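What follows is a structure written as structure tokens; I'll ask about it next.
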Amino acid sequence: MDPITLIPNNTLVTATPEEGRQLAVHISRLIVKATQPDAQRREQLRDVYANDAAMLLAVTQTVALEFATIAAANNYWK
Amino acid sequence: MDPITLIPNNTLVTATPEEGRQLAVHISRLIVKATQPDAQRREQLRDVYANDAAMLLAVTQTVALEFATIAAANNYWK
Amino acid sequence: MDPITLIPNNTLVTATPEEGRQLAVHISRLIVKATQPDAQRREQLRDVYANDAAMLLAVTQTVALEFATIAAANNYWK
Amino acid sequence: MDPITLIPNNTLVTATPEEGRQLAVHISRLIVKATQPDAQRREQLRDVYANDAAMLLAVTQTVALEFATIAAANNYWK
Amino acid sequence: MDPITLIPNNTLVTATPEEGRQLAVHISRLIVKATQPDAQRREQLRDVYANDAAMLLAVTQTVALEFATIAAANNYWK
Amino acid sequence: MDPITLIPNNTLVTATPEEGRQLAVHISRLIVKATQPDAQRREQLRDVYANDAAMLLAVTQTVALEFATIAAANNYWK
């Protein structure tokens, strides 16, 4: 399917919640990359959503969803 | 119902997180295919959402939701 | 409440992931049917969302949510 | 808070998946009722969303979310 | 952070599903209050979403999400 | 990736539900900060969503999603 890597290091396990949160941000951006492979176009679209309140909120929802999975995968780092 | 295959290989089990992520992308696209069977029309719509920041964010939300299920099905590849 | 059947065969158990996915699509459509009982009107609305990129993405989100429940009900067919 | 009943019979337990699905639809409508107590106004708004493809899809997402909880509460009727 | 109380009584445990549902509505409204502290402005915005079909549906989605957590916290009142 | 801290104190564990709720609000705002690093621009966008009913509802959905994870991480403070 997509030739780009979608899950860095091919694992959901991270050492800390902070790294898990970074991974959540990262893997959601990789889906954007897989869907829109043109880097210049992505940069333009990034300007759009970083300056639009509704889209910033949509970003937070995506990250929350990804983080839920990663947190569960790490047994909430307990 | 839909004559097309909705779950490739009829399983949610994958060898790795990377393959699980690819599956998440794949099965969400198959729902688009089942809903809009016209390949040419789908290609046009794909151009729309790949160039629209809000829709790209919606794609990330869908993939996050599908991946949550696939990750759980694979016990998070632990 | 709604006189139409909302869960075919009154079970979430399916033999395979493929059938579970079909069920996810099916039960979400039955909610549309219960909310808009006029078949001709539904057909018109279906044309709308099958040709609108944003709405197709919304369909994928609904199916992902329903499938999560059905997959859990089937212990992920493991 | 709201004087209307939000959970009929004050339980999430139902005899069957079909009844669980009806409950999902019901409790989401009761939230609409609690938020917009004017019955005539609700009827007008219902006409709006029953004839709008995007809103019908939003209805399916709400029901999917409520049903997930009810299904878990009933151990998926297994 | 926010000086207002976000979780009344500082617990997710409720005696009944009905009270759990009321809590779901309540805590989501407290997030609105924390985000928009001006009571008069909130009242105006409340008029907006109580008379808009799409926003009423968004309310139902929020409540469904909060209720899922509260129901799990109470082991579904079983 | 982002140089700012995404999870304060690098833990999802909190003493109380109230603190867990505050954390849910906090970590979602940090995602906004990571996506839009310009503080002045963020302040402008905050004015936008604090005065828009639909966006306030989107905020409640994000917080509900984050709180679900935090609540699970704390075993619902039981």
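The first chain written gets the first letter, and so on, giving A, B, C, D, E and F; residue counts start at 1 in each chain.
We take it that a residue touches a chain if its C-beta (ideal position, glycine included) is under 8 Å from a C-beta of that chain, and two chains touch if they have at least 3 such contacts.
What you see is a predicted model; the values in this text were computed from it and never measured.
Shared contacts of chain C and chain D, meaning chains that touch the two of them, come down to nothing at all.
Under half of the residue numbers at the chain D-chain E interface are used by both copies of the sequence.
Averaging C-alpha coordinates per chain places the centre of chain E 16 Å away from that of chain F.
Centre-to-centre spacing of chain B and chain D amounts to 27 Å, using the average Cα coordinate of each chain.
The distance from the centre of chain A to the centre of chain D, each centre being the mean of the chain's C-alpha atoms, comes to 31 Å.
Residue positions 49, 52, 54, 58-59, 61, 65, 68, 72 of chain E are each in touch with at least two other chains.
Taken as a contact graph, with one node per protein chain and an edge wherever two chains touch, the assembly forms a single closed ring in which every chain touches exactly two others.
Passing around the ring starting with chain A, then chain B, and so on, the chain order reads A, B, C, D, E, F.
Remark: chain E residues 1-2, 5-7, 10-13, 27-28, 31-32, 34-36, 41, 45-46, 48-49, 52, 54-55, 58-59, 61-62, 65-66, 68-69, 72-73 touch chain F in the complex. By the touch criterion stated above, chain B contacts chain A in their complex at residues 16-18, 20-22, 25-26, 49-54, 56-61, 63-65, 67-68, 71-72, 76-78.
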